[in-house]
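Pasting the structures in now, so scroll down.
One chain, chain A, appears in both complexes that follow, with chain B as partner in the first and chain C in the second.
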Partner chain A sequence: MEYYAQLLLNGIIAGSIYALFAVGLTMVYGVFRFINFAHGELIAWGAYLALFFTRSPFYLPIYFAALPALLITALIGLAQDRFVFEPLRHGNRITLLIASIGLSYFLRNAIRLIWGSDLQTYGFMPTRGIDLAGLSITSAQITMMAAAILFLGILYIILAHTMLGKSLRAVADNMTLAQIMGITIKKVSLAVWVLASFFSAVGGVLLAVDTNLEPMMGLTNLLKAFAAVLLGGAGNVWGALLGGLIIGVAENLSVAFISPGYKDFISFALIILMLLFRPKGIFGILGGVR
Partner chain B sequence: MDYLLHIFIVSLIYAIFAMSLNLELGFTGLYNFGHVAFFGIGAYTSALLSLAGHPVTLGMVCSMIVSGGMGALLAIPALRLTGDYFGIATLSFGEITRLFFLNERWLTKGPMGLPGIPRPTWIGEGVAGLPWFLIFCMLLTLVVFILTRHLTRSPFGRALKVVREDEYVAQALGKNALSFKIRAVTVGSILAGLAGSLWAHYISYISPADFTLTETILVLLCVVLGGRGTNWGPILGAFVIIFFQEIIRFLPIPADFDRFVAPIQGMVYGAVLIILMLKRPEGLLQEYKE
Partner chain C sequence: MKKIIVILIVTVLLLCTGWTASAADEIAVGAVTPLTGKLAVYGEGFQKAMLLALDEVNASGGINGKPMKIVFEDNNSTSKGSVSAIQKLITIHRFPVIFGPAASTNFLAVCPIAQQNQTILIGAESAAASISKCGSYVFRVFPSDLLQGIGVAELTEYLNYKEVVLTYINNDWGVGLADVFKEYFLKSGGKLIDEFAYDEGKTDYRSEILRIKKNSPRAVVNLTYIKEGATMLKQAYETKVEVQWLMGSAAKSPKLVELAGVAAEGVIGTYPTFSQDTSQYIAYKNGWEKKYPGQKTPIFGEYNYDMVKLTAEALKQTKSMSSSDIRNALMTASKGYVGATGDKTFDTNGDVGATYGRWTIKEGKITDYK
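On to the complex of A and B.
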């Protein structure tokens, strides 16, 4: 029994990270109606940039190294939009998607060029877990949970209680109408890209604290973010959050039944099942709770 | 001289692979981002059968059947939704197929791969067989070219183009868009399986590392560069890309920089995809539109 409780706990921790990846992806979809295949690379760039600032000549501790990393990732996100997606937004959808997959390949190989293809870590010593009512949790995992809750809380305040959040929801609902009502699309699009890159980078750093860094981490986690987005219904931020948690828990519980090599298979199976039975997400019945 | 033969053979195999993707991407407008999966399934099917002592021809036929069957199986759920979702489902299918090759050691020997895949007996092994293998590939490319040209010029092909341009128009004209798309993916997968089995018998060694997103990007680039929705485009694209890739090997690159070559190549591919989409989305050859 404790074994399953432990898996559940691990799943919630992993899931809160996936939620961070998924909210950005779903926000971009909600506003621009396209799926950014380069979203995963923002995750990887965030993690690698933090690595960059923990090493020579900076030697910053990870919490401080994360700050410039987040800023630069946000700039990459803005550059993506400015140079690739914005010029293509009104053209053919297929050109937009091919450009986004080309962009993801470009960014991934840039990582390989700068940091190499080998596994890397931030260099923390693995610590023994703290005993918590029979369950083991490491201090890194506690930090991850706390950070995920903090950032998702910030997101909640932005979306639910600020003018920016309101205009974001208005644009997601109907871009033309929002423009007529005097909402500047430029401002909203800026906010969306900054938020999306910021949250992916936070997630990337947190994930890398617990596991490791490798150039493929963007793609692997992009698939999980996709699954989470589909579970929650594309464009639905809170759905994506919950979707991320479900993916994390399902993945970790699956270890008890199937070979760990197939952990990533869970998100794929969920993607196919959702596409088959509930294309609008589990909240589709409520007409999408935005 | 032998090296030139090698480049020609690889180009022809990629031409078949690209033509199969073009059927989906160019003619039907389906963004298949996991096409390499069918190439891999074809390669493994053919390799396993011929390594078990069956004739190569049987292996090649079976690889087409298995790939086509898998294509249909994926297409039926994945195509119930339009657009971006198909991209997600195929991208994850590509990754999952690679995981399968990697994890099912009893069948695929996992990361070790399958060495010593025989060529058809009448071709002969080693360098002496190269001219014959080239002729074999040329014949098959010709067959596939004539087949796809015939297919795309037939009423079936015109219906595919209508589905691509506007699904609702197709449906209003009494064409079942879903069924057309499933058939397009099935034929595309059959041909990708053929290309994969040719690859396996030519290279004689396959491993999961041969069937990654890199190959998907490569074949996508062949189609997009040559010209989507044209019959000659994928062939032209395949020759340009493969020659470019092989010529790099002759550049005088200092040994210290060796590890930078592959990432830079990847960045170039990604950048070319983006620039093509921004500046010349139709590719080198433009589709003729009446």
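On to the complex of A and C.
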């Protein structure tokens, strides 16, 4: 029993990180109607920039180093929009998709160029886990969960209780109508990119604290985020959050039944099943829950 | 019209160089070597070791009186560079024998080309097990990773672990190694408590660790790379899994210690090695010091040295310069051939055998396990 409980706990921790990635991806989709393949690179850039500030000449402790890293990642997110996606916005959606794939190569290889392809860490030494009712959890994992809950809580307040959140949801619903009602798209797009980059960077830093950094870390996690987005219904923020959790838990629980070598199979099988039977996501029936 | 004439002239010139290379009174072979790019630091050492062997061959009469020559082609340390380099050596120079590039990925990129063109390709530092399947024209004097499966099984037996959990990376390399390990381990009376593969390149192996923990084994055989190995060690330490970890040589790196820290303490593994006390190795070492005084012998230099000397032996014995004759000569010449790196007898896959040393991590340093 303890074994399954521990697997569940591991799944929730992994899932909360997937949720952080998926929320940004689905927000961009909700407003601009395209899947940003360069989203994964924001994850990696967030983590690497934090690494940059922990080293000479800054030597900041990691949680302080994360602050400038988050800011710069948000700037990269904005630059993505300003220099690539905005000029292409009135073209075909496929154009945006292809452009984002190109951009992801560019950003990933820029990481290789600057920091190299080798594995890196923030230099934490492994610590023994803490025992909680027979379950083992490390302090890094507790931080991860706390941070995920904190940031997703902030997101909830922004989306549900501020003018910005309302206009964001309005634009996602119908961009033309929102413009007619006097909502400035510029402001909304700014908010979307800042939030999306911010959340990816937070997830990236947390992931790197727990494990390590490598240039491919964005791409691997983008696939999980993508599955979460589809599961929750593209464009649906809370769906993406739940989707992330479901994928994390499903993946980790699967280890008890199938060989872990096929763990990734779970998320892809979910993508295929969803596309076949519920292309609008599990919450599709509820209609425009945004 | 002008263009066509230029192309014609260039073609004729190229044909001439190819023709002179093969027609001159010397026996020439090609080599794809990383002389620029990220492997250049090693490539220079490989080249020097090959040139040392070449000097010795030519000093003792060359190939039946004709001098031997190696034409080096740089590959910029990339697969792409390796492919263009080997194409040049095959189509323009038409060399029957080519020494392949370092790094298994680069070697694997060129081996289908060599096989297709029936050109003999010999490697001196590529370990990937899949190279065995490259084809009948591909050889290597470096032991295949596959042999490590046996090495690790022997280590497990030596340490008296009768029941272990076996886990490995889910790719050609890992599965191949695990199969060999299983065969030998089960034959010698060992028992597997659990066996599973895991994905390469992940950051979260906690559920895999839990599966190990569930069976509470005394020892775990983990056929892994540096990154995956380090992550697993770290997460096992965090979840308080106390087992003896047994690994192969792919994880033997200071980077493992850097990434896993204290969690890497006490890991035991195997790695291919050879005796440095044989007369052949001492001859290599003395030769090196004479030709390159004051320079340290490079990594894998002795394998490159053996490769050239063994090839020269085969070229002496071959009936003609056709690649199939040279291939047969290589097989006979290698039989019982003992070089600086030990016995180089090729099996039917063009692979050699190996002996294994044992490593462990003690106080953050990789040392020999005794």
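Criterion: the second predicted complex is superposed on the first by the 289 of 290 C-alpha atoms of A that agree within 3 Å, B and C clash if a C-alpha of one lies under 4 Å from a C-alpha of the other, contacts with A are read in each partner's own complex, and residues count from 1 in each chain.
The criterion applied here is as follows: contacts are C-beta pairs under 8 Å (C-beta built on N, C-alpha and C of every residue); 3 or more make two chains touch, one makes a residue touch a chain.
A quick note: this is a predicted structure, and the numbers were derived from the prediction, not measured.
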{"item": "Simultaneous placement of chain C and chain B on chain A, clash or fit", "value": "clash"}
{"item": "Touching partner for A:Thr54 - first (chain B), second (chain C), both, neither", "value": "neither"}
{"item": "Which superposed partner A:Pro87 touches (first chain B, second chain C, both, neither)", "value": "first"}
{"item": "First, second, both or neither for A:Thr26, with chain B first and chain C second", "value": "neither"}
{"item": "Partner contacting more residues of chain A (chain B vs chain C)", "value": "B"}
{"item": "Chain B versus chain C as contact partner of A:Ser16, first or second or both or neither", "value": "neither"}
{"item": "Chain B versus chain C as contact partner of A:Asp264, first or second or both or neither", "value": "both"}
{"item": "First (chain B), second (chain C), both or neither touched by A:Val255", "value": "second"}
{"item": "Chain B versus chain C as contact partner of A:Asn109, first or second or both or neither", "value": "first"}
{"item": "Of the stretches 166-174, 292-300 or 328-336 belonging to chain C, the one that collides with chain B", "value": "166-174"}
{"item": "Common ground on chain A, meaning residues reached by chain C in one complex and by chain B in the other", "value": "220, 259, 261-262, 264"}
{"item": "Touching residues on chain C, where the partner in the complex is chain A", "value": "170, 196-199, 201-208, 210-211, 214, 226-227, 230-231, 233-234, 237-240, 255, 258-263"}
{"item": "Chain A residues within the chain B interface of the complex", "value": "34-35, 37, 84, 87-88, 91-99, 101-110, 112-113, 116, 219-220, 223, 226-227, 230, 259, 261-262, 264-265, 267-268, 271-272, 275-276, 279"}
{"item": "Complex interface listing, chain B residues touching chain A", "value": "25, 29, 31, 33, 77-78, 80-81, 83-85, 87-89, 91-93, 95-96, 99, 102-103, 213-214, 217, 220, 224, 228, 259-260, 262-267, 269-274, 277-278, 281"}
{"item": "Residue ranges of chain A touching chain C (in the complex, touch as defined)", "value": "3, 6-7, 10-11, 14, 118-119, 121, 125-129, 136, 138, 207, 210-212, 214, 216-217, 220, 251-252, 255-256, 259-264"}
